[in-house]
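Take a look at the structure below.
Just so it is clear, A, B, C and D label the chains in written order, and each chain counts residues from 1 on its own.
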């Protein structure tokens, strides 16, 4: 919208604040998605092939925690840098076509649509579990699931099971909506406090400064203040640079 | 009871089967306790000091998964071998007196009573969370909590908060009963199938063999059959020893 | 030898002391094998398929640390309980026939012979690295390697490269001898102190007690004393049972 | 130099290429520093307090691998976002003044000078080990070590021991030079190939294009090409966006 000049008022990109995306997206999503998955299915995570589509901040968080619960993580990515990061973090990396027949649990966190679709459902194992934690319920194609199903059952709250003509059961969590919101309680408050603070301080900033219509970044001093305050409340001490160290960092002459 | 000759009929010690305690106690408890903790409190695990009392199979499982969710784990143990294992696994080891003032979340898995009591509550931080996953609701002293509390509140289902006279809030999960049973769905079926199979096959074994009154071990062939079948259903292939390898293992002469 | 009555003097099974096998075999081997592998080859561990043959205490330690360095671990086991433990610990489990064509690095810790042999070399990838950390240099069949090689080269100290007729290079570390002894410095002293103490105190025990010829266990009080002293030197505090707790543990009546 | 207009020719900031810093700095340093530490000292990492000064890409890599070898990691940082990341990754965060008396092993990766100095040496434990993996040998103050030492010994190749007047021994690795270069073999080639490719292709780019004097970024197409080729050589398949997905990503209207 910014690119096309369609923003009619000032907007602050709170999701791009480091105090938000580094923590909310990664560690918040990491825990809340695992929570939603486990409480909804009570399925064992250890030893399972957990397919994580998208290795952005959200996907990294989920992959890290799924691995921490004993899963073997398979990452599906379109970006080569992210894909190689996933490899170096100890995960397998595959295309969705390769991952579909070996995955036990599929979690989408891409921000895109139709990430898992007809051709993938066609080769999934009996008992595959599908959950979305991207932003909309379009990452896993529900229309495709519905059109292929010989039978649809609600087997447990928030689990709809699509039975294929050849008898395989594919379980969709929370209708493909955000599994951590629709089937759990969202992120823990110890993470959301950062995001809410960024939002509040940004709103105050907008109110106090006459910003032009269009996209604005969160002011760095706000971004820094929020996480600094967070650390203070936790009793975590930062190291302080000495004057000599500050000089050294700003100079290229030795 | 066996030691005192009090067993009036044949009993099979199913909990001592390797197919049970290695998996149910460790990986089952590891997941279900974390599930119960997270779904009940929605408290962030990452960055917290999680105190695990008892480093038997259950405690090991919980410590492993708490660490996998980003916690710093503090183990409290009475046994020196287990304590040093915990150290080598990357955890801190302390007495409960040392752990009480630094812990954020306390989980008991000892099989003993009064593991956390008056003297520990006296020094805990405001907001400490207490959960039990040992076997009875005596590991965390509820009487001590009740006697010290200036106020008791039910702040959320399965969370009772004891407010101390100096204003600290101590949250007890599920009244100190097993948090994974009382506040979650118990272990995943992919782990319980092993335990149930051991129980069923042991019951059949008792029925088919006239066993003397007293304690009996699970027959090794049953113990082995259960986990072997499990691996088959998962498509996991064991390596087979060649005849030469079998000879080599049974010989001390080269 | 004990079984066949061939022991002509008293022998104490020091390797069966908990203070030895729980630590030396697991954490000692875990570090020293990774050290030997990395310093000899300077090969990246992250992202590699590391095949660990044998999931006893040594194999568990190596699998744990290889995983900690970013590898995807494939365990090869003959015992079903150990195999399922490996699955639950997040590793893949395969037969050696399945693992041979996908492994990048192979480490043997079985105590057996011919664990990797002709049929496996035949399907390995170009560049496969083989190291042994079992007890003798018979786990990886050097004769088979020699008979299949079109060319043998010493490419770096402690790395002998066998080039197959179809041009694949298979690298054997330290001639198949213990890679952590032959190509590194053995276990760190902070682990060996336990093993040496067990040996010393057992030798004194033999000298002070007239033991019969045959196999004897390390006396439990020695086993316990060694690790207790270790914890003391590290400043690690054990929890102490209260008299009420001791009674509770010894009673079956509540 | 760019800021002050002192660059007399075209310079390409190869260290800022994602294909370089995401991998070389993190996973390369992660392995090579642990390798250098272990082969030089043969000191056990498991159970140790490893202090990592600096949680940039290099520090993150070292913290990740130290933790993977069983250490408890303490991060020292000046930046609040990085500090909180370290907390969420399961590490402790402290000032150097707090970390100095509890650390067993200290690794500096800050790019600054005098990160560990007189006041810290004064309170370190007997046996503390110091290694630098930042860029110059000024991160750990060798002059301060020399001025406080009652005795200096070379106890093993690449280990110089400073004995304080009160008898504490402080071990400095590789004279404070880069421990992974001076006391190991540098990064594995499987990581350096990325960095070398970026350098080569950037040099060719400079040669083929008449760039102005001053600082230039690595062209994104080079950055992307290098890691894409890397994945191809490893047989890793990326997911491809469908035309519908590309449209969706570029649109804000649904």
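Basically, a residue touches a chain if its C-beta (ideal position, glycine included) is under 8 Å from a C-beta of that chain, and two chains touch if they have at least 3 such contacts.
Since this is a predicted model, take the numbers as computed values, not measurements.
Chains making contact with chain A as well as with chain C: B, D. Remark: rotation between chain B and chain D after Cα superposition is 180° (nearest 5). Same-residue interface: chain B and chain C share over half of the residue numbers found at their contact. Distance between chain B and chain D, defined via averaged C-alpha coordinates, is recorded as 39 Å. Chain B and chain C have Cα centroids lying 27 Å from one another. Once the centre of each chain is set as its mean CA position, chain C and chain D turn out to be 31 Å apart. Of all residues in chain D, those touching 2 or more other chains are 27, 46-47, 67, 70, 87-88, 234, listed in ascending order. Contact residues on chain B toward chain C in their complex (touch as defined above): 1, 6, 18-19, 22-23, 26-27, 53, 76-81, 83-85, 87-88, 93-96, 98, 111-115, 136, 223-224, 227-228, 230-231, 234, 236-242, 244-245, 248-249, 252, 254. Listed in rising order, the residues of chain A touching chain C in the complex are 46-47, 67, 70-72, 87-92.
For chain C in complex with chain D, the residues that touch the partner chain are 27-28, 30-31, 34-35, 38-39, 42-47, 64-65, 67-70, 184-186, 188-191, 234.
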